[in-house]
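In what follows, chain A forms one complex with chain B and a second complex with chain C.
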Partner chain A sequence: MLFYSFFKSLVGKDVVVELKNDLSICGTLHSVDQYLNIKLTDISVTDPEKYPHMLSVKNCFICGSGLSLFFGVFQWFLGGFWWGFLGFFSSFWGSQ
Partner chain B sequence: GCAAPHSEQLLEDSMPKHLVLLRDGRTLIGYLRSIDQFANLVLHQTVERIHVGKKYGDIPRGIFVVRGENVVLLGEIDLEKESDTPLQQVSIEEILEEQRVEQQAKQESEKLKVQALKERGLSVPRADTLDEY
Partner chain C sequence: MFMKNTALSHVIVNHAALKKVLIGFWGSKWLIKPVFHINALKNVNGSIPDMTNCFLNEISGTVAVITSDGRMIVGTLKGFDQTINLILDESHERVFSSSQGVEQVVLGLYIVRGDNVAVIGEIDEETDSALDLGNIRAEPLNSVVH
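The block that comes next holds the complex of A and B.
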């Protein structure tokens, strides 16, 4: 629930996600659900040489179970300072 | 049930194609006919696309039913972006051969890596067990 709320606050921002198969995708966070599945729009692959098959894809849905890392951005939050960088490990998905 | 074969082609031209990345690394491209809350998919006129370097090959697979747990990513293919791709399409035989060569090279370097780690008293966890949860 904690990370779901955090992701909801990042909707509309540009994020970079890294999947378990080492593919890194940059895009605008369109939506997220309770399973931390995400939908990204206007995506671009950060290393297109290695993964050319994503060149013709603009929007995508990513299964939460396939995510390994999620990079947010620096943002001022409630007058404080919030470094929006999170790392996930497989154990977090244990409940699903 | 639908009309003449002509109209089906017309329909498909305006229908968005989808790209599916599976957990085992395969890439499927086809018309998404059905999806549910588990991300189970039904793909029509599916093609398995194999990429090696700047070349790719398409193997026609027909209708695919994919169990949701195997899906990593589902993307919508932008037909305009697809038409100006820098990639070169080759025949199925050629791409399979390129893939075989690439897999062999990977296995060689993996063997060397494991050997080097063994000599230092370390071991790498097997990748296929990391997904168990």
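The block that comes next holds the complex of A and C.
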């Protein structure tokens, strides 16, 4: 829930996502859902020489289970350190 | 602590739904974690948003599906469901190799189980027909599962 809200705040921004198969895709975040599935528009692969598989794809839906890293925009957080701290620990207490 | 980027001001959607739950006592401090009530996740009409209606645009269009084992299947998206099971018509698999050009293996009408889907891309027909598949050399994609 915490990260879902965080991603909702990043909708419309340019992000780079790295999948578990090492494919890096950059694009504009169009939408996100509770499973952290994301939809990116206007995508481009970070390394098209190595991964020409997506050359003809402009918009894509990425399954949350396939994501490993998500690079967004650096933002200051309200209550900065503590929110980050609590977010880390809340992941150990199971989902709501 | 202050907030510099105001885009984050709507992260906490519903202040009333944000409760604080006591999770323990560390040293001399009570540890409190924020808990989102399920209502924070719901839309105005009570439904929980999910992404499957974003596929309605792509239905009966050509899509490229990357499966969790690194295969790329291109076909016409005929149907889908909540768990991202897909029905692909006139599908073919594009096998990439570093030694020879792209091989297209015709598959026909396929149902792909949602567990195995990693990426669904909307193919732009113009760009795709302009691609010279015979000359593309690439390593096949890795599998998503470690």
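Convention: the second predicted complex is superposed on the first by the 74 of 96 C-alpha atoms of A that agree within 3 Å, B and C clash if a C-alpha of one lies under 4 Å from a C-alpha of the other, contacts with A are read in each partner's own complex, and residues count from 1 in each chain.
Rule of thumb we're sticking to: a contact is a pair of C-beta atoms (placed from the backbone, for glycine too) under 8 Å apart; a residue touches a chain by one contact, two chains touch by 3 or more.
Given the structure is predicted, the values throughout are model-derived calculations rather than measurements.
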item: Comparing the two partners chain B and chain C, which touches a greater set of residues in chain A; value: C
item: Touching partner for A:Gln34 - first (chain B), second (chain C), both, neither; value: second
item: First, second, both or neither for A:Ser9, with chain B first and chain C second; value: second
item: Intersection of the chain A residues that touch chain B with those that touch chain C; value: 19-21, 23, 37, 43, 51-63, 65-66, 90, 93, 96
item: Contacting residues of chain A [partner chain B, same complex]; value: 19-21, 23, 37, 43, 51-63, 65-66, 90-91, 93-94, 96
item: Contact set on chain A toward chain C in their complex; value: 1-2, 4-6, 8-10, 19-23, 25, 30-35, 37, 39, 43, 50-63, 65-66, 73, 75-83, 86, 89-90, 93, 96
item: Of all residues in chain B, those that touch chain A in their complex; value: 19, 21, 23, 25, 27, 39, 49, 51, 54, 56, 68-69, 71-79, 81-82, 85-87, 130-131, 133
item: Contact footprint of chain A on chain C as seen in their complex; value: 1-5, 7-13, 23, 31-38, 40-41, 48-51, 54-55, 64, 66, 68, 70, 72, 84, 94, 96, 117-124, 127-128, 131, 136, 138-139, 141-146
